[in-house]
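In what follows, a single structure is set out as structure tokens and then discussed.
Chain lettering (A, B, C and D) follows the sequence in which the chains are written, and residue indices restart at 1 in each chain.
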Amino acid sequence: MAAKLEIEPGSSNAYHTGEWRTQQPVYQNKWPPCSQICPASEDIQAWLALASAEQWQAAWHKLTERNPFPATMGRICYHACESACNRKHLDSAVNIHAMERYLGDMAIAQGWRHRSFCDDAQPERVAIVGAGPAGLSCAFQLARHGYSVTIFDDQAEAGGTLHSAIPDYRLPKSVLANEIDAILALGIELRLNSRIGEAVSESDLLDQYDAVFLAIGTQQPRLNPYNNGAEKARSNHSVMSGLEFLHRLNRGEELEIPRQVAVVGGGNTAMDVARCVRRLGAEVTVICAQDPHGTHHHELGTEMPASLTEVVEAEAEGVQLIYRAGVHRLVRSGDHLSGIEIAHVDRVHDRHGNFNPILFDGTEEFVAAELVIFAIGQESDWRGLEVLQKTTEADGVWVGGDAVSKSKLAAAAVGSGYRAAMSMMARLKGDAVIPDEHKKRKITYREMQLHYYAKQPRLEGEMNPERLDGFKEVVKGLVDDDSARHEAKRCLSCGVCFECDNCWHFCPDAAVIKIAGGYRIDYDYCKGCGICAEECPCGHIDMGNVS
Amino acid sequence: MDKRDPFRHNVLTSGHRACSGCGEAMAARMVSDLIGPDAIYINATGCLQVFTTHNQQSAWQAPWIHSVFANAAAVASGIEAALRISGKETPVVVQAGDGGTFDIGLQCLSGMIERGHDILFVCYDNEAYMNTGVQRSSSTPHAVRTSTSPPGRLSQGKHQLKKDVISIMAAHHMPYAATATVAYFPDLKAKVEKAMGIKGPRFLQVLSPCPLGWVHDSALSVTVSRLAVETGLFPLVELEHGELTGVMRLAEQRPVDEYLRPQGRFKHLFNSKNGAIELRHLQALADARIRRYGLLDAETEWDTDRAMQSERHGRGGYCERRSHGS
Amino acid sequence: MKQLLEGSQAVAEAVRLCRPQVVAAYPITPQTHIIERLAQHVANGELDAEFINAESEFGAASIVLGAVAAGARAFTATASQGLLLMTEVLYNIAGLRLPVVMVCANRAIGAPINIFSDHQDSMAVRDAGWVQLYVGSNQEAVDTMIQAYRIAEVCELPVMVCMDGFLLTHTFEPVELPSQAEVDGYLPAFQFVRTLDPARPMTLGGASEADNYQPYRVAQHDAMENAQAVIEAFDADFETRFGRTGGGLVQGYRLDRATTVVLCMGTLMGAVAEAVDRQRDQGKAVGALRLRCFRPFPVQALLDHLKVAQRIIVLEKAISIGAGGIVAAELRAALQQAEMTIPVESVIGGLGGRDLTPAVIEAIFQQAADEKIDTQNRFAPDHSVNGEVQHG
Amino acid sequence: MTMETKTEADLHDIRLHGRGGQGTVSAAALLALAAFEDGFESQAFPKFGSERRGAPVEAYVRISSSTIRAHNQLYTPDAVVIQDAGLLRSEPLLRGLKRGGLIVLNGEQPAASEGDGFRWLCLPASEIGERHLGRPLPNTVLLGALAAATQWVSLAALEKAVTNHLSRKGEEVVKANIEALREGYESPSIPTSPPISAPPQPRFFKGAAGAVSKEEQAR
């Protein structure tokens, strides 16, 4: 007798509200600015994410996919990544270089070895000219993929400029040696003291190898361009190139340095030189043709190229800097240099990029110096490589590193070695070069919701208090795992989902489904309101047209 | 049963017909999932009831009942009494809009609290009668345009103030009464969990933006609710037995302009002299609430910044694994 | 064993015997003694129930709605203004098909405010979807209450037991109260399928569009129609067990060869029976019929009892203002449907507690015999202290 | 369905007057209860309306040997019980009282009542009540007097009704009320006015007289 009632409703799941949608969210990884600006194209966000989870070795492996020199680069790279870091709009940039160094040092301490991607040896052989960062980076990538690689270098030690021109207080030799050894351990043949044309002929190189990578760097310094002719000869006791100064210092020569030294140049080499001179006990003045950091001359628009940290540290060490000044003439008393006359420089290069300074009359000043060191650039030495210089990739010859780089940054050399290796391998296999997965659309902080992140102080490596006492390393690394994890966690993960659950919590329609490693949008129900995209802290979600 | 998501119950599942970007759907989904399916839900008439049970399609995956507009708290009282006499401890949760709480439902709600029923009453406060097309309620803030408080030559929107319902609740000396909003999920979660751990009548007022009635972009529902708090216009507070026991401190006070401008319901204030007076009035109201609750100087670490923080791998979900299903 | 009990007390005892688990109410004269008694039972531990002091009748109805939806047997009682305040919820309870049982202590509706008995209150909610049973004595109130739960729970329809305020609620009469065992034997424990239970989540009271709404009402109406047979069957079963009838659907008095029949409800039957006796003593062929079950409207039972009649006088204590007698109109429609052309005189009286004495009713018989009652509305004459009928 | 046919010739109708708080409605209930104990059908009800302390109160009792069908008000009582003589000044207490009807009055008979055709039974019930109950409650005293004068109910039945009705208030109260009742029963001088009709025959519920007619049974 009970009433038969069909009043138990069915599920609303039967109704697909997704049909209301006029725009739709899409999960889309972006290219964080750190990675985008990194000359070595490191996937910084990815390895910081691993580090934040204390997966140190995985983080190191992820990092070294692009750069096998973390301990080195963590010390000497000028970390453009940090100036691009979106976090500076919240508090201060992530200390990426300190993290990189921390992982690199940990790898050295733990004896971690690089992984080979390929168990099978490839039949092709590759020759690399130059054992600097570009050559080693290229060799590293090729060796990991099973290619047989031989590196030729005319120096007695591997490392190129890293070895010859970076002072010990920035990069202890042992750190570099350890990282090079780890690379070579992949089975790379290294032939030192082997200049092309002497140890092996250009034609042998082309005949015996399936591909050649020229990474000869820039070993030829420019000398004083201000004095036409007369002073352009070889360096002497009163005029020297910065490169020569650093080479000699790094070789362990006992240099006699006068009491007052002038360094001409506004780049990092100039800073290196100046700081080394300070460590040798002299007073030093840097004559820089550009403006200091933080000034933006709207017409000239030139800031000195040296890294800010270098400048700050140099000034802290007592280096004097004179900006927007050019050398008018060297002032001699007999054979002896007494100083240089400088003047306001309006412009250094002309529109065509040629060195053509304009110095304003009546602005001359005298700077006392018994030695002037010019650190105003360097060039490649192509002697003995005349045939190879004319070849192209079509001939199986790639060129990379400082020889073709504008920035002359070590990290750029590493990146160039990587790209050359990828290009070579694609060519050798007959494939197209696979584009980098992480290089998507760049993301700016404006597309992110920075209020979802807590302000956290940036941790710095400590400064060595006895820094001017010889060439001890100035900057110490991060002190421990806790600091490293803290700093890694500061990464905003720009444009890359870090599973904060915001989209999942906020979706009014339960159309965001949590799955292993992320989320899925159930387009059957998503109404396209856009809240998930609006509230995504890292800008990972795009609103696009309905497909 | 919807078993799409292993990490939440979806007590309020997909396919409901709330407007795109609905703050009430968002709030109800959060609250009901935090409580889970082992509870009985009573709904007053209103948007939530209509859009979740459209024409024999229910979005509820827990026992749910709707009777009439005014009586949700009384129906819940009866359910709770029935459970009590049967020795069952199933939680009882009322969900109502501001109409069903501040206005037509206030008498039953007051009775429920006075009698001490073990019920959580959740008010999704969207500050007007949205279900019937945005008419003014006693929860509608001062100077807001609604279809029954239109601005005109002699009017700048609603003349009266928003009813201070949380103080009315507190005056019942009930065990727990709190305000929350969707923008601060960790705060909402903490309050729901706290409320569920207390016996007796409990009240939660959840500010739930309505893109339709507040006239803002549907993507801004969370943003607007955050600004309501950060300007001081909607203080997040907890009251136990009538005493103020917790406030969410403002990391910094934002000017009310930032909250008002994205919302069309305040648009008329921005292009007239009298409107400018009301803007100053609204700012003064925010300042007064900040002073009243000590929102800038409260001695608590719980502030708007902390409650906003996102963390890798989530800020706490609804369930580790679903109780039933995958 | 018979006891002399006040009607409120008697019905409260009957409620207790039905073992409700939730009792909710808001006091209103003349219902108060019922709930006071129940409150005392709960306080004494004689009734294992939650007694909820609602904040209004609207709340009380809502509370029993919730309680039944959660699987408990529940009870409430009200009257007059309170019933009207419940109206929205009464419809809702019926629409949700929740077997709530309540007592309406019938009372007039203001304005002017009046606490005395008529049927305007329960008549006002006649279309709400509740079974309405009008009782004529305290004994019947007891018996009907016990039957009401069984009817409600089997038919999934709410039942309203209508007892005249004061005339029953405040009147002491001999009443036979059944034992708990007897009631338990008659009324099974409450088992309800459509309850709110997390083990079987169910949505109750969702929204319905035009294409889905009407079937609900059809189902409700069908259930009401079917309830007639249930009411009769359960009354017959009751009679077998307890030796008394609750009154079935309708109850006749001296209908043999009665050409003029008065149809009435509730306690009015007492005075009508007295008047019939006096008329019969004068050799007049009159009889009476009491409509115990007003909803569902028992058309066939009425026709069966009225087929011999040549004139029907419907005497009712409620009015559809602007239309007239409610029962009369429904009866006319039923007769016309059955193609029976018996004239139906509608007389309305007893509003707001005005007494309908046997003398008044005899006067109405006389008026009818003289054909002085309009076919439309007439109001019953007043009585005087001396029992002399005054017209007006 | 049928109702029993009845005549109402054997009905005794009693009206009780008092003020709110004097136990007037209780007295009516006790009287009906006692009649029921004696095997009669009975009915008691107050004058409908809200009770206010101090305001005039009425209550009614019907006693019959057959089922009482009427739920009308009671207009023509056979006896009137007046708990407060002061009410005589303001209320028409004797309205509808049948000729020769009995008046049980708490107080002295009014001078103006001589020859009015009613039988007056007057006693200081408040004083008696005060003596037994510690409070000037006249109701059980007057019931005793009514029972003695009419024999419509027995003293034993009244005592039982008092015992049952007041048991919740404790033995002391029951005992005091029974003593008051007895003094009321024993004190009155027999009224001299015309005698009332003989009491109806007791009737027990089972195997009742007042049967259903044969035609009715046949239907």
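By definition in this document, a contact is a pair of C-beta atoms (placed from the backbone, for glycine too) under 8 Å apart; a residue touches a chain by one contact, two chains touch by 3 or more.
Computed from a prediction, not measured in an experiment: that's the story for all the values here.
Between C-D and B-C, more contacting C-beta pairs join the chains of B-C.
Once CA atoms are averaged chain by chain and compared with the all-protein CA average, the nearest chain turns out to be B.
One inter-chain figure worth recording: chain C and chain D are separated by 31 Å, centre to centre, where each centre is the mean of the chain's CA atoms. The distance from the centre of chain B to the centre of chain C, each centre being the mean of the chain's C-alpha atoms, comes to 44 Å.
Here the CA centre of chain A is 92 Å from the CA centre of chain C. Inter-chain centre distance (chain B to chain D, centres taken as mean C-alpha positions): 64 Å. Residues of chain A found to touch two or more other chains are 9. With touch defined as above, residues shared between interfaces to two or more other chains in chain B number as follows: 52-54, 56, 58, 61. Per the touch definition, chain D reaches chain C in the complex via residues 1-3, 5-8, 28-29, 32-33, 36, 41-46, 48-50, 68-73, 75-76, 95-96, 205, 213, 215-216, 219. For chain B in complex with chain C, the residues that touch the partner chain are 37-40, 42, 49-50, 52-56, 58, 60-68, 70-71, 74-86, 90, 107-108, 110-111, 114-115. On the chain A side of its complex with chain B, the touching residues are 9-17, 20, 49, 52-53, 451-455, 489, 493, 498-502, 504-511, 513-514, 522, 524-525, 527-531, 533-535, 537, 543. Across the complex, chain D is touched by residues 2, 4, 6, 29-30, 115-117, 137, 164-168, 170-174, 245, 247-248, 250-256, 267-271, 273-274, 277, 290, 353, 355-358, 383, 385-387 of chain C. In the complex of the two chains, the chain C residues touching chain B come out as 21-22, 24, 48-50, 52-56, 58-72, 74, 88-89, 92, 96, 195-198, 200-209, 211-212.
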